[in-house]
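You will see two complexes here that share subunit A, one where it goes with subunit B and one where it goes with subunit C.
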Partner chain A sequence: MARRPRVLWLQGVTCNGDSHSFLNASEMPQILEKFHFVYHPLFETGYTLESIAKEYFDIDILVIEGGLLKKGFKRAGVESFELIERYASIAKQIVCAGNCASFGGISRKMDRNVTGAAFCEQEPTGLLASYSSKIINLPGCPIHPQWLVYALEMNRHGQTIELDEFRRPVELYGYTVHEGCTRNEYFEWKIDAKGFGVREGCLFYEHGCQGPFTHGSCNKILWGGVSSKTRAGMPCIGCTEPGFPSTNLFETKTLMSIPAKMPLGVPKRAYLTMTGIAKAFKIERLEKKKF
Partner chain B sequence: MKIERFIERIEGEATLLFDKNRDGSIRFVEIFFPHIRGMEKFLERKPALDALAIAPRVCGICGHAHLVSAAKALESCYENAGIELNISAKAEAIRSLTLSLEIIQNHFKWFYLTLLPATEGFETKKDKSVLTAHHAASLCSRAIAHLAGQWPHTSYALPGGVMCDPTHVEMLQTESLLAQIDEVFKNSILQLDPKDACKIAKVETLFEKNGDFPDLLRYFRKKGWERVGQSHDRFIVLANHPIGGAGKAIKTRLAPIDILSAKEDEAIAPEGFINHAKPVRYNRRFYEAGPLARAMVAKSYLIRQMHRRYKDASLSRITARVMEIAKLLEYCKKTLDSIDLSEPSYVPPPVSLKEIESTRGQGYVEAARGSLLHGVHLYRGKITRYCITTPTQWNLANGTPEYPGVAQKAMIGLPNEKVAEMVFKSFDICSVCTTQ
Partner chain C sequence: MKIKTEKKRQRRVEILLAALELFSQRGYYVTTMPEIAKKIQMSVGNLYNYFSSKEDLAQAIIQYISQMLAEKIHDVNNQPISVKEKIRQIVKIYFDIAADQPQMIEYFLRIYLANREVFSDGCEGMICVAPFMTEIMVFFEEGVRAEDLRNQDFFSAFGLFMGYLGGMAFLKGENVLPKELQSYSDEIAENIYRALKSDGAPA
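After this line comes the complex of A and B, so read on.
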């Protein structure tokens, strides 16, 4: 049997949400067979964080959860950043699980000294930026479990992952959350949801949905294999993007009745032309509640 | 002699500083959570509804409880401004259902990933434990996803109801998942159908059953640990919950509560240590929160019997938490069956919070680990103050040797740090919630 890749999961400033999200991966029995977890914050691996801090383990993949803080956050007697940096230098690949590890996320909003590994929001100035070439960012708040499974499996098979400008895998983040959303027909014809708690209507025009300009595959690779925020009636809040979270998350900011932020890559003029035409139609079956 | 011990895998970490007697037993212990994130401060100046997206991110394992608390706190802002909201029975039931599922997944994870590994000498198969916890938790998460889109970190509850509008298809899929969680329960933790588990009335019957939980009970008896971990024998439940109501109990004596008597103090730590866990007391006295408190206040026949024998020992605490899984599973099935899908999921509040000059509100729920309270002040729809009090603040508050906190009292007098760590973990601690 080929040697199993050794994975070390370390945390910075975090809520533990990425750890718990990962534990939902339906492929967990296979993951535990195929990978050797040297340490994980939730389950027993045979090693404690204290032993990880005292010794130097040879690892293949370092998974970072949480934002990085250079000083003032000790774990097992050492600065958590010191520990993460030590293993960042040893690991062949670094996977940032979640928005905080990728860009600083909500942890950075609370403490401006916190950064992501390669990035500090949009800027490539994260505390581990010198290791950027081996960093893969998997932002999301939390990370989608299958996104992490994808990165681990690509590593195990020795496959190169194509990345975007923020070092996110194109195969996962080359889409928008809008793609696959069950409300797309309402978006096309510019029909907003009449309020929350209804299946009908698009959440982009009034309810703050960021799906059309947020990179991610939440509506292609469903959560728990069954749903997503927008399918359950909740607007996308843009948790895969640097700078997350923005503010006024459940209202669409408009300028002269036009959404201030356009769907990804769509020029404002083209958008106005398209919506002008779409609005000219009155499609009765889309205007009323289905049942 | 003072010994520092780093405790991990408790939703973050904590440091225990043991003061030991010559024979190695615990004279006193102090509990430290050395880091703080600053969630309450971050919420200030934000639009009120942003709390629905930010508050769940306090915690990766009980974020849903934080969401429901935040939604209820904003609803209470309306109420305190004299504006009545109409929350449908359907919306209330869906919130309660998803919250219960979050508690169930927590209890499975706590039992297999936290408690069993901390029980010295108790033999478990490491991978089997991880996979049992994973299996139960992933089924719960999938059931929540049917209604709330995803777990963790959904924000699908808001003042006025919930954002989802499920069909009978989602209801049936959720029912099927509940049946699968039943199977995990009876193939692992207690080899009984949850319905039959709820009927167990005698402590000895539990000891005679099969499953990982009865195995643990018998191990405790073999080790003579039935009475370890006793504390103040005072219990508090701030919110009504599926198994019973709010209230407090001193031993078995019940009394109503006044929420205003629950007070948070400043965190304390000796020189050279950092601690951000603010203690919470009720009428200046320490009370235990969590499943044991809920069962005691609800007058659970089985748990009261357990309590008659072992008081508020770790064994009673563990039993209350495991048996809560069975009760919640039964509750979820009944609740699912009771939902009338023709009711509205969401009834918009008559006015926006921006239109209210100034108001304040409190929202409280029973989360996996106990009572969770969110307090918010608003000015024209913006948050001016946000205060979160978590269950671990009740249980892990530091007191003094003369008047110790709940977990401190439970550990004082124990023979060594290993047993103390197990007792500590029997409270089901959440470090990230404590230092939000």
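After this line comes the complex of A and C, so read on.
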């Protein structure tokens, strides 16, 4: 049997959300068989954080969870950044789990000294930018467990992952969250949901949904295998993008009733013309609530 | 073949302009297809080769006017000038048309808005004036984005702007105005700007 890839999971400034999300991976038993977890903060591994800090372990994959703060965030007696940087230099691949590790995320909103590994929001100036070439970003708040499983398995099989400009796998982030959304028919005919958690209606026009301009596969690789935010009646809040979170996540910012952000790549005039035509018609079947 | 197509296109515009004049002067229902054919010296049968019905023709006219206005406002939108100056230019465009080609504005106010049933199948909502509406929306949206205009509901702002211009053109059509329409242009542009500008925008 081939040697199992050795994975070390280290945390910066985090809420543990990505760890918890990862535990929901349906393949968890197989993952634990196929990979050797040197250390993970939430489940039993062969070593403690103290021993990780004290010794130098040879690892294949470093998973970083949380934003990076150079000073003032000690763990196991050492600066968490010092520890992460040490293992970043040893690891063959670095996987940033979640938006904080990728871009700074919510942690950065609380402390402007926090950065992601390769990026600080949109800028390639994260505290570990010098290791960019081996970094794979898997932003999300939290990360989708299946996205992490994908990255780990690709690594195990020696496959190259094609990345976008923010070092996100194209396979997972090449399309928008809008793709596969079950509310697309309501989007087409410009019919708003008029509330959260309701079955019918689109959440883009009034309720802040960022699906049409957010990169992610939430509506194709479903959460827990069954649902997504938009399917459940909650707007996409753009958690896979650098700069997340924006403000007023539950209302659509408009300029003279026109959405301030257009669906990705759609010219404003094209959007206005299309929606102007769509809203001229009243589609009874879609206007009527079934529940 | 190309020449033939171009000739046909020109002929189509001639029909539109002739029908526009008759509809504006005499009203939609009173005007007949034979009268329109006669005005451009065309057989009634041939007229129907261009437009399948009077409704079809009426709808094509409003699309023609909308497109013409949209192209002019598009040029204004693309200029690197202040919002105040853009308003001044849009008012000028509208009043120049109202003065030089009053039938265009008359048609919009007295035919398109007053006979909605003619436009109910094929011109639902704002479809037939979409190019014009799009440019006006772009104007407003960019004005708010630049923080020169106050953010508000589109139709609140649109009604103030276009309702004002339409109202003045209507008064002109009724011969109520003591002066030429264009002489009100600067004051009206100033009023519109003051009403729509944001608190921080220049006076």
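Rule of thumb we're sticking to: the second predicted complex is superposed on the first by the 289 of 291 C-alpha atoms of A that agree within 3 Å, B and C clash if a C-alpha of one lies under 4 Å from a C-alpha of the other, contacts with A are read in each partner's own complex, and residues count from 1 in each chain.
Heads up, the rule we're going with is that contacts are C-beta pairs under 8 Å (C-beta built on N, C-alpha and C of every residue); 3 or more make two chains touch, one makes a residue touch a chain.
Worth saying up front: this structure is predicted, and the values here are computed from it rather than measured.
By the touch criterion stated above, A:G195 is placed in contact with subunit B alone, subunit C being left untouched. Of the two partner chains, subunit B is the only one that A:G17 touches; subunit C does not reach it. In the superposed pair of complexes, A:L49 makes contact with subunit B only, with no contact to subunit C. By the touch criterion defined above, A:K109 reaches subunit B but does not reach subunit C.
After overlaying the two complexes on the shared chain, residue contacts for A:V170 are found with neither subunit B nor subunit C. More residues of subunit A are in touch with B than with the other of subunit B and subunit C. When the two complexes are overlaid on their common chain A, residue A:S257 makes contact with subunit C while staying clear of subunit B.
Those residues of subunit B whose C-beta lies close enough to touch subunit A in the complex are 6, 8-9, 11-13, 34-35, 37-39, 41-42, 46-47, 49-50, 52-54, 57-61, 63, 91, 109, 113, 117, 126-127, 129-131, 133-134, 137-138, 141-142, 144-156, 158, 160-165, 167, 173, 344-346, 348, 432.
In the complex of the two chains, the subunit A residues touching subunit C come out as 254-258, 260, 268-269, 272-273, 276-277, 279-281. For subunit A in complex with subunit B, the touching residues are 13-21, 23-26, 28-29, 32, 41-44, 46, 48-50, 72-77, 106-107, 109-111, 141-142, 195-199, 218, 222-234, 237, 239, 245, 247-251.
By the touch criterion stated above, subunit C contacts subunit A in their complex at residues 124-127, 130-131, 133-134, 137-138, 140-141, 143-145, 149, 151-155, 157.
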